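Chain nomenclature is as follows: A, B and C, assigned in order of appearance, with residue numbering initiated at 1 for each chain independently.
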Amino acid sequence: MSFHKKLLTAITVIFFAAMLFLTVSARAIHNATLPQVTAERLSSVQFPFEYTDENGNVMTGTKSALAIRSDLLGSDVFVLYQREKNGDMRDYVRLAVIETGEEYNGFTEVLSGIGYGDKFVISTDSILSDGDEVLVEE
Amino acid sequence: MMKKHLKFNTKCKLCLLPSLAGTAVFFVIPYIRVLYYSLIDNQFRCNFVGLDNYIETLNNEYFRLALVNSMLIIAIAVPVLIVLALVISLVLSFGIRKLKKLRTAFILPMLIPTASVVLIWRTLFTDTATPLPIYMLFIWKNIGICIILLTAAFTGIDENIYEAARLDGAGAFTLHRKITVPMIMPTLLFTVLLSIVNSFRVFKESYLFYGTNYPPDHSYTLQYYMNNNFLKLDYQSLATSAVLTSLLVFLIVIAGMALQRRWDR
Amino acid sequence: MKKLGIVLFIAAALVFAAPVVMTAYGSFVSEGIPTLQNYADLLFDCFIFYPMFWNSVLYAVVITAVQLLVIVPCAFGFSQAKFRGKGALFTAYIILMMMPLQVTILPNYIGLRDMGLIDTRLGIILPMTFSPFGVVVMHQYMKSIDGSIIEATRLETNSILRIILTSVIPQIRACIFAVAIFVFADCWNMLEQPMLFLKRTELKTLSVFIADADKYSGNVLLPASVIFMIPIFLLYLFFNEYLEKGLTLGELS
């Protein structure tokens, strides 16, 4: 084979090898650039509250309310959501503005900002901003 | 010996089988069904309505617009293409002998996927008031093969004939008229026919350029009409226009072949 | 005259190359600055690109290969077999070859629908495999082969396969490559069939990806266009000389 034929063959092989490599690993490479987070679903916690009954006695009962671990409120809270991009579903975060209520037993009542069942970020390996794409660890 | 010959002939006929079978299954038989569709009124009721669909289609203003535009391309773009190709081929073949190797480079626009160059074309030709961008795309794509065919024909003429004619005292004009033109004719006819056929294929370019199913009026060709009917699932109109278009192409091809045969005397 | 010829040639070459060069240049530029961002957006953020790329490769390779297997015996049969109506049959092939795509697409679609091949890979491969273009062109090439070699081989063997392999193919090798390139380019460029016969995006081809490029975020159209051009360009460079021989040998008149 003449020189330029050899060169052409080499280029062709390199091209297809590169495409093959990318096909297999592009997603993994992309995911490596994403912040890795763990998440939890928002659920209800029992809160005590006081009320006066018919006889005028002060009683303590419990109510169920959405609550989040108080220590998480120290930094920004991010809620996870999914959106389609370029043909597949990706995970994104949005900055939540939370209105809080009482505190009890390490949990703070959430009045607004996150809904029941919403996933929110518990831990992350890098700083997040509103609208970032993330990789959620199971 | 006779038996062997017969067997060979039969075997040769068998060679045709795969191609014939495939063509029949995927083209011929469905085409007959299309013909059938064009003669009924509705997929479900299947009433035979004869030529009603054809009359309706021929009266449809969109169809007429499409037909006119398609014919305009043949009437304008193809001659321009041929003339351009002729001029370039003439200069090339009478001027340069050594650049013959690079001739095949002209085929590249035909091979390059249209989708790849469409964006650039859109930025180059921003004026969509005329069908010029589409004509230019068509010429760009097809001039390559025209040049290759025509230069091959030009260089195929024997130099000695020219010498002999010059010795007889023929001027440049007569030279070309009596020698070049007749010898080019078969290839020229074929090139023209090929370009006409390719002018129908320009739909892909046009569709990618405008990016919509409803381009400006001047570019709305038969293929758009058929494509839109396809998307609307209007099988009757689609079948009718397909049959009509195939008749048109059929006539053009037959005319071309007849011309060729007459030229061969 | 010669000077004019050279100038004209260079001018023509520039005009031809311009769109391609501009596309390549544009893919490396984003808002006026040279950058690889477009390629990053495409290769690392748009994963549907890869199946579509390999689909294009698969369809083109398979269709070209099978077409050659169908065409060569068929053209051989046309040139050697004698039977009534051979001329008419061949003319029918020519007429079918000239038909614009839109006319043949409806019959194809109906045929495929009835065979349940819509939205399958086979539905794309099969109709293109039996495209009459190859038969017509190959038959023209077959006319130019030396009949005596075939006669000689026939004395030695009765197997058609042997005859074709040993006496026919070596003579028209260049033409086979030329036809293969055109068929490959045709398939690579295929747009209407994947759009109309396929529903699932992961079966569609790169040409569809480029046509639908504004569905995807980022400037992915130009990088995709460049990558789309590379295989066909490589193929052309590879078989350049065969093209030269093939195109000029087969003069349809």
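Heads up, the rule we're going with is that contacts are C-beta pairs under 8 Å (C-beta built on N, C-alpha and C of every residue); 3 or more make two chains touch, one makes a residue touch a chain.
All values reported here derive from a predicted model rather than from experimental measurement.
The chains in contact with chain A and with chain B alike are C. Comparing each chain's Cα centroid with the centroid of every protein Cα atom identifies chain C as the most central. At the far end from chain B, in terms of centres built from Cα atoms, lies A.
For this pair, chain A with chain B, the centres built from the Cα atoms lie 57 Å apart. Our note on geometry: chain A versus chain C, Cα centroid distance of 48 Å, whole angstroms.
Chain B and chain C have Cα centroids lying 17 Å from one another. Across the complex, chain A is touched by residues 43-48, 50, 53-54, 201, 216-217, 227, 230-231, 234, 237-238 of chain C. Here chain A touches chain C in the complex through residues 5, 8, 11-12, 15, 19, 22-23, 26-27, 29-30, 85-88, going by the rule given at the top. The touching residues of chain C, counted against chain B in their complex, run 1-2, 4-6, 8-9, 12-13, 15-16, 19-20, 22-23, 26, 69-71, 73-74, 76-78, 80-83, 91, 93-96, 98-111, 126-127, 129-130, 132, 135, 154, 158, 160, 181, 185, 188-189, 191-192, 196, 207, 210-211, 221-222, 225-226, 228-229, 232-233, 236, 240, 243-244, 247-248, 251-253. Within the complex, the chain B residues that touch chain C are 4, 7-9, 11-16, 18-20, 22-23, 25-27, 29-31, 33-34, 88, 91-92, 94-96, 99, 101-121, 124, 140, 144, 148-149, 152-153, 186-187, 190, 193, 197, 200-201, 203-204, 207-208, 222-223, 226-227, 230, 238-239, 242, 245-246, 249-250, 252-253, 257, 260.
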